[in-house]
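Below is one structure, written out as structure tokens; comments come after it.
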Amino acid sequence: MRLRGRGGIALGVGIAVMAVLPLVVKNAFAVDICIRILLFAFIGTAWNLLGGYAKQLSLGHAAFFGLGAYTSTLLQIDFGISPWIGMAAGGVVGMLASLPIGWLCFRLRGPYFAIATIATAQVLMLIFLKFRDFAWGAEGTTIPNLGNAPLMMQFDGKAPYYYIVLCLLALALAITAWVERSRIGYYLVAIGEDEDAAEAIGIDVPRVKRNIYMISSFLTALAGTFYTQYIYFIDPQTAFNFSVSIEAALVSIVGGIGTLWGPLIGTILLETTSALLQSWLGNSIGGVQLTVYSLILMAVILWKPTGIMGYVSELTRRRRGKAAGS
Amino acid sequence: MAQAVVNGLLIGGVYALVSIGVTLIFGVVKIVNFAQGEFVMIGMYISFFLFTQFGMDPVVSLLVSMPVLFVIGVLVQHFLIRRVLGLNDLPQIFLTFALSLLILNLALMLFTANYRTVHTSYSDEVLHLGGLIVPVAKLIAFVVAMLLSGGLWVFLHTTDLGKAMRAASQNRDVAQLMGINPNRVFAVALGIALALAGAAGSLLMPFYPAYPLVGQVFVLMAFVAVVLGTLGNVIGALIASLLMGIAESLGIQFIGADSGLIVVFLLLLTTLAVRPSGLAGGRRR
Amino acid sequence: MADALVVRNLNKRFGGLRAVQDVEFTVRENETLALIGPNGAGKTTAFNLIMGFHRPDSGSVSAFGREMVGLRPHDVCAHGLARTFQVAKPFGGMTVLDNVMTGAFLRERGPKAAREKAREAIDFVGLSSRESTAARDLTTIDQRRLEMARALATQPRLLLLDEVMAGLNPAEVDQAVALVGKLSSRGLTIVIVEHLMRAIMAVAKHIVVLDHGQKIAEGSPKEIVENPEVIRAYLGSGYAQSAGAAT
């Protein structure tokens, strides 16, 4: 998506706002919401590379989130290694894990691919729940609070965390923007449209899928490390939670699958809705958030499967069409 | 070990009802119903409330839960599924997925996460057959499940509508050319599949608790059985379900109490790894 | 003239159906071969086997001296073979230009070079005015043109055209025939599956006839038209006898 004129200005304003936000907004709760928005926009953007462009609808990205989280935590608690390094290591672990998982799951199409990805994330959760010898089992562990320790990715106040996740999001968006314009971007969309036709014009479909899966899983794993450092806690239920997988896909679909800004827009919509719900109803009634999410998802699927960005594109096309007098 | 096999077989009958529903929908409508487990859950809650309000035995409440779920199935087909037919994967996957999330979380909101149980006169009774302990409630569930499966088989093979469904399952274009109304056939398929799910729910109540997440366990079993038994194949789903019940039971017996789930998952992943060519979802010609 | 494509002893069964049985033919470089036969004769299956979408049970497919059996379709394409599909498979959500660029990326690394090559191919098939149209919004004949442009963008040496003229009106058929002629004059080797006799006659000097998976005749157009086996396959034995009596 090229942004010219009004779009470019909006983008500039948006970036400026995001850059100074924590310096201006002092309400910790609000900053926390923004951090969550940026985090899930990051995870959604990572998912979108595989699920949005190439239409490989994974519902198991929590697997990489969890692997990233556990890698950095294990390195930190068992070996005292800084989570900065742990984050990179977690990314690599996630990336490597995507190879066997991809080998297994890519042999399937459509819903069966989705089911297989769900199963792999669940298996990982079950493994980490069961084996307490190497990773604390079901209780998980807390990260020892070192106060303000930037080298160990711990900070007083929320602003540093905000900037870290902002950088992660910027990284994912930059990668997506680059992919969109390059050969691999065209190949991804081709695969998403018609794998056989893609093969017939020389696209090594399995290889392209493998490569994008590696990028997607690497980024998702980074998110796992960040989140663990942010909440100072890890356990299998949190790290491999199905809702991470769901939200990654959901924000992309609602915001506009296969578009650069879709996941961010989708996250802003869904997370603010969720925050509003939380402030009105509190946490007392379980299931409200997901009920609302599922209704939004159904509405999008039934009426505008291309999501918010898809709708915006439609409007611009129509307006351009009218202007050109076609 | 024979005891474990019997236990597994009995619960396998209930799994069969759920998985036959999934495979029927997949075969006829070509959609994977991610929400099948939630309909089992609805069946369970219907029976629960009929029992607590009116003292109706859960097995008897089949007469209520099945028709109610049949109607729900027809409505789901008419208002939801019909809109996404012929579209690509994304709407088809995420629609039933969203439906599953919706029903599950509505149940969470309305009924809370508490376990609801039903205690009938026979909930604790067992029969002793040849040294084996056979719980009466599970035996009833198994027998009724088999009867319903048999009834379905008869329906599919002797009635016009049933044959139309099989035709649509095998070759939709030809079936349409022969004058079979796809929407009607799909509605009946959805209705039957959900009715079977509801039946499974009712049959489970005497010995299984109802809670919002209960569907997730059963739908997982169903998917594995459907995949093992070949997509769209009703008898395959039946046999695979029985085998899976036995496998799960043996797993619990010999590996450990909480190993059931992991055995199932590994079975799923192994099947997908080893036999993807048997599945419509997997190809490499 | 070297051999562009050598097919030997090609066999493929699907369950009980022998789709392709002992099929053999050779296509010289820059030749245009027509593959004809009644519906269900195995023509598209033969294409699928040549391109690697199915693996033959036995036999060999050699293109420009390299064995193709066992290669994945994208490797076959990289070796210089391209195909169109009987039912066009455009990348619906992409524009015409993007569709063809995706093909061009096989040989061109950067987007700019790919775009240039794509525009050449689009121009060749006459779709330039539709460059920014979404592929799914094209008419059927334009989708066929798109298929061809996309295949051409991969810079093939051999092009497999699967019923590109089906459903076209006579004027459109003439355009298609002219296009095929242009391709041939560019040096391309072409194997074309077609039903339209006059189109075949116009483009091909060498014809192979399949029926029920087997090759029943091969030769020049004149030889094929007079061949009793061919007549029998298309029209039934009654006509074949009378044709045999006439010769």
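By written order: A, B and C. Residues from 1 in each chain.
Methods note: a residue touches a chain if its C-beta (ideal position, glycine included) is under 8 Å from a C-beta of that chain, and two chains touch if they have at least 3 such contacts.
Nothing here was measured: the structure is a model prediction, and the numbers come from that model.
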item	value
Most distant chain from chain B by Cα centroid	C
Chain closest to the middle [Cα centroid of all protein chains]	A
Whole-Å separation of chain centres (CA-atom averages), chain A against chain C	44
Inter-centroid spacing, chain B versus chain A (mean Cα positions, whole Å)	32
Averaged-CA centre spacing for the pair chain C and chain B, given as whole angstrom	47
Of all residues in chain C, the ones touching two or more other chains	53
Chain A - residues contacting chain B, complex	55, 57, 59, 104-105, 107-116, 119-120, 122-123, 126-127, 130, 246, 249, 253, 257, 285-291, 293-295, 297-298, 301-302, 305
Of chain C, residues touching chain A in the complex	51, 53, 72-75, 77-78, 82-83, 85, 89-94, 98, 101-103, 105-106, 109-111, 114, 150-151, 153-154
Contact set on chain B toward chain A in their complex	32, 34, 80, 83-84, 87-95, 97-99, 101-102, 104-109, 112-113, 212, 223, 227, 258, 261-262, 265-266, 268-269, 272-273, 276, 279, 281-284
Chain A residues touching chain C - in the complex, by the definition given at the top	181-183, 186-187, 189-190, 193-194, 196-205
